[in-house]
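Take a look at the structures below.
You will see two complexes here that share subunit A, one where it goes with subunit B and one where it goes with subunit C.
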Partner chain A sequence: MSPAPGSPQPAEPSHVLSVKGLSIAVHGRERSTTLVEDVSFSLAAGRTLCLVGESGCGKSLTSLAIMGLLASPPLAITQGEILFEGRDVRGLDPRERADLRGDRMTMIFQEPMTSLNPAFTIGDQIAEVVTRHRDVTPEQASGVALEMLKKVRIPAPEKRLGEFPHQLSGGMRQRIMIAMALANAPRLLIADEPTTALDVTIQAQILSLVRQLQRETGSAMLLITHDLGVVAEVADDVAVMYAGRVVERAPVDKIFDDPQHPYTIGLMGSLPSLTGRDERLATIPGSVPAPERMPKGCRFAPRCPFRIEACDAAPPPLIEVAAGHEAACIRAPLELHVTEAA
Partner chain B sequence: MLSFIGRRILIAIPTIILVSIFVFTLQKLLPGDPILVLAGEERDPAVIELLREKYRLNDPLPLQYLAWAGQALQGNLGMSLRTGVPVLQLIKDKLPVTLQLAAMAMSFALLIGIPAGVMAAVRKGSAWDYGATALALWGLSIPNFFLGILLIFLISVQLNWLPASGYVPPSESLSQNLKTMIMPAFVLGNALAASMMRHTRSAMLGVLKQDYVRTARAKGLLEPRVILKHALRNALIPVVTIGTLLFGELLAGAVLTEQIFTIPGFGKLIVDAVFNRDYAVVQGVVLCTAIGYIGLNLLADVLYVVLNPRLRAR
Partner chain C sequence: MSAILQADGLKKYFKTGGGLFSKPTVVRAVDDVSFSVEKGETLAIVGESGCGKSTVGRMLMRLIEPTAGTVRFEGQDLGGLGETGLRKLRGDMQMVFQDPFSSLNPRMTVADIVGEPLWLHGQGSTRERREKTLELLRTVGLRPDLADRFPHEFSGGQRQRIGIARALASSPRLVIGDEPVSALDVSIQAQVINLLEDLKERFALTLIIIAHDLAVIRHMSDRVIVMYLGSIVEVAPTAALYAEPLHPYTRALLSAIPLPIPGHRAERKLLEGDIPSPANPPSGCRFHTRCPYAQKRCSDEIPLLRDAGGRTVACHFYEDLPPETAGRAMGPADSPAKARRLALYRDHRRRQDAVVTEKASASMTEAGNRGR
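Moving on, here comes the complex of A and B:
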């Protein structure tokens, strides 16, 4: 369970967020199951890191752990550090942790339809996050709320302040969530699949809005997604997760142009392309192993066309295959083995 | 909103008419004859006949009903066959006593039930949760009369802290009034507190899982505010509605409690009236109770809409 050698990166002062060797487990009655293991990545101010992977790979858990919102018990961080602006937030008491949330680090969730409280007005809910963290009068707070509604381009913002969530569409509600998340100009914005629940036409609008406001505030953004189209659009860097581990980490162009982990390659293969031919979308054979039945070695090995005996021996560490490009595969670079696998 | 209330009131009218017919016929089926009670020991047939004429008891039932209902609409519920006091006057005298008892029982239920329910939900699975749930089970299971007698025995007879029975109007002495009312209110509110606790607990458990509670935490709000503002505000919607309906049941439950503590309230009025075959009083009291019940239902509907912004706009 100890972090694989070479896995933690040295903390650079410019990093808003550094996650090092993070492991999260669910504690059951009889035993504990590790859901996220030895996850490391870092994120500099103004940059966007996309955490990519299919549902259940631990990306949402990782983001909730950073926010300090893990449902604990039964979930708990078992190992690792979460350095936010240079200090480990795990050492903070609950009060200090809450002081950060909504102010220095904020979060947008996947489900805009249920993420707003149905009993309170839009204005009240945005103003609340302002009064919580800043020394302002209620009037000033609702002034900020109005300003934020304008920023997220809600039509007739004055009128919206007094409306309830049920009076707004999903896209509008997600804009409200964005307004709430950015009201205090956070250093870190975590967006957990912010567009998944929305109509396709709205998705692009919301994405570009988040992107633009992020640039204005200079926040770092951790975007959780399983949508590679979204990744291509907004990411600076990408971390690919599979079965609770980071399997590849690279700048976005490297991920698309030169993916090194067989799982990433598989993901790319299942991406529909406009230039593509009429062939069927490639799929990865098999399915993700259940958390309590994880292979001892590489977790992708049972599905991997490049598997060799050594793959099952121990979990592969992240290996630097090129500058700033790491893959957790002992067979990387894979070009060497393409013929044998085919 | 106003049209909603208006519609509800219109629906209530036929219900009240049906209830009045039901009440009228039902008590005609009661065994016993009030005239025999009135006629005294000798039961002179001439006197009996005269009394029957006087109270129109020889008319066909529908006519008797119409005569009664017509008068009732004008606020005249007749006279008590036994004492000659107008029924409306009796109700005016006795109702405030029961309302005070019910209100105290209700406050008690709310003050105990809601905080206990919130705590049980927030600390689900803890000793507190099990304790509160066990206490609620006890509260729901123990019969009013038994708890009443138990308390009288312990607190009045053994410890001599509170009077066992009797009633002092608040206008006479508020402190004496509270001393006589607090034990009956506890007995009456006991089961209600248990029921409120369980409703609050289950509503809170549902609400605490909602995404907007997570949002409230993501905003950096501290736990008391997350629970008391964001969660409780939503959990209270069903609880308030149920509480309003249960208030009606309190009025019914008061019958027994008032008997045990000999409080001259509505419940005692109705029991005495039934025992004495005092038709007019029974009719008046039951009608009044039914209207109160329907009114509470109406209030519950309205409160549900008022508390729930999603319904308010329509």
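Moving on, here comes the complex of A and C:
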């Protein structure tokens, strides 16, 4: 498993995943539009990184790019590296890529029905994932399937093995997806809004299950969500995305206790609180610009209450504001830079 | 306070499937639900998917006929209403839906969508209706010059504003919002929540908010109805419900919410199992298959809503349950750094709004001058 010629040496071998300067564009007939720009983050074994941001900010595209599942054309990676276990996966041929998927790198989607085959039993589908990547007999594979159903705490697992996806509730299907994703003990698990379609009591079950299984397997997890509550519940580290770029990156407690980017602060202020019917919600005015109409400078500038002329000059890079805490805002930390503007 | 709306013994059974050789299944979507809505309050109806919230809302509006039970609006039984009565009712009571994408007619302009209720109720001349429509758009924070565009040209939050403007057109006294902010991103959701609160104040509305997000409900409502599988399990003033949920299901709901506070990650007791099907609800207390406190009596006997001091709860044993370890719904205060930044943010947001209003009124005067 030596690195492909020309690809850089793994900088931090302890990182399961390192995304560096990733940009993704959609190529139209007339022009190309950048949808994800200069996204970087890394993820170590056993850790959970949450990508959080509102609809359309590029969370799913980023994860699909890592999985090698971007619909290209029209989508394409235009820049950057995706190092998985130190190796740039973009250099792999489709076969090698497919070998990784479902084995060392797996994914759970929001809507389990789209990834389950309605024509096969639950047992066959889990067993298939195992036989595709492991040298096992069909009996052994069925054994793994049964064991996985027990692990994801499906009641009466022997009976469920022979059932079809449509016979299960949404929460059960999501458990099946988790069973399939973890059957081969992957190094990296990507979960794209795995509980968004579920009721809150079922969501709580699934999150606690995923956390526990992750502890057992030591997998790294990239969890995509727009729910700050879910982030607080499961993340070790957080990357906040806005309009295709990462605007803030920090350990989870820093994001919540020391939010630095005006967008992150605005999001916190927009959250209705469970602790009381307090003051009016703070809001972020307006809405996200369309990808083809992104501002040249800071993409948050049209909505930002702290905007000054310099914000429009160039996209602000991520700057370290404290150890391990980065924000892409030229005025962070705010209390240092905005007082005189009053 | 007096009741503006009263629901008594509401039931809705849906028959589904069934053919030549098979019996249809009966889904008991709503099963004997009674409550009243006080004038001027915001009442929330909460519960998980399929518990019958929307079906209740639609029965209140008479968009569907109840299988049994009555709804009275300002004392009048809606069951006896004919065509004209119903039309008038739809003026007094309006609904805002969850999905801003499918609830607006894609072939109508925004002005037509918002103005339609005015036209339906035969209010004013064409000119007056146009005026009122533009005023409504301003009221919900949309630029009147966008009036002749179509819904697809608007963002989700803007479409929800269009839906709200339409609901306000007939000057309703009661507005029912069925998940009015659920489909929206957090930042847009906050805008729409504030808008609804402003409008409620300004037009002295009574609001019924159907939702599954307990934080949104906490923020917006005065009183909460909790439903499970077609029945009401608890009714309480909002603060009391969150401070001390009495029904085991309410407790489970509240403890299942992931709080946006990383320090609060302690393992908690979670509900086991799935929500049973309303076509085949459990006997007795419908929650008994998942209730950690269930006893023999629970599967035999349906618990009725009982008075629990300013609130009601439907559980045989709520008095005897171990006290709820409070604190989850309380959470610690914001860190100093966060509090400071939020204060700074709010302060600058106000200035930002002031600048925008100034610019808008400047350009308005300009347009006015040009018009002259």
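By definition in this document, the second predicted complex is superposed on the first by the 321 of 342 C-alpha atoms of A that agree within 3 Å, B and C clash if a C-alpha of one lies under 4 Å from a C-alpha of the other, contacts with A are read in each partner's own complex, and residues count from 1 in each chain.
Keep in mind that, in the parts below, a residue touches a chain if its C-beta (ideal position, glycine included) is under 8 Å from a C-beta of that chain, and two chains touch if they have at least 3 such contacts.
From a predicted model like this one, the values you see are computed outputs, not experimental measurements.
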Check: Should the pairing of subunit B and subunit C on subunit A count as a clash or a fit in the superposition?
Finding: fit
Notebook entry, point to check: Does subunit B (first) or subunit C (second) touch A:E54, or do both, or does neither?
Noted result: second
Note to self: With both complexes overlaid on chain A, does A:D99 touch subunit B (first), subunit C (second), both or neither?
What the structure shows: first
Note to self: So in the superposed three-chain picture, is A:L116 touching just subunit B, just subunit C, both, or none of them (first/second/both/neither)?
What the structure shows: first
Next item on the list: Figure out whether A:P186 sits in contact with subunit B (first) or subunit C (second), or with both, or with neither.
Entry: neither
Next item on the list: Rounded to a multiple of 10, tell me what angle the C-alpha centres of subunit B and subunit C make at the one for subunit A, in degrees.
Entry: 80
Margin query: In the overlaid three-chain picture, which partner chain does A:I284 touch, first (subunit B) or second (subunit C), both, or neither?
Written below: second
Margin query: Residues of subunit A touched by subunit B versus by subunit C: which partner has the larger set?
Written below: C
Note to self: Let me test your reading of the model: by the given contact rule, A:G244 touches which partner, first (subunit B), second (subunit C), both or neither?
What the structure shows: neither
Next item on the list: Answer with first, second, both or neither: which of subunit B and subunit C does A:G297 touch in the superposed model?
Entry: neither
Check: Can A:G80 be said to touch subunit B (first), subunit C (second), both, or neither?
Finding: neither
Next item on the list: Just the number, please: smallest Cα separation between subunit B and subunit C in the overlaid arrangement, in Å.
Entry: 8
Notebook entry, point to check: Just which bits of subunit A does subunit B share with subunit C as contact spots?
Noted result: none
Next item on the list: Can you check the complex and tell me which residues of subunit A touch subunit B?
Entry: 67, 69, 94-95, 98-103, 106-107, 109, 111, 114-120, 128-129, 132-133, 164, 166-167, 177, 180
Margin query: Quick check on the complex: what are the subunit C residues that touch subunit A?
Written below: 48-49, 155-158, 185-191, 193-194, 197, 212-216, 218-220, 238-239, 242, 252-253, 255-265, 267-268, 270-275, 329-331, 335, 337-338, 340-342, 344-346, 348-349, 351-353, 356
Item checked: Complex contact set, residues of subunit B against subunit A -> 210-212, 214-223, 230, 233-234, 237, 307-310, 313
Margin query: Under the stated contact criterion, what part of subunit A meets subunit C in this complex?
Written below: 54-55, 155, 169, 171-172, 199-205, 207-208, 226-233, 235, 252-253, 256-260, 262, 265-277, 280-285, 287, 305-306, 334-335, 338
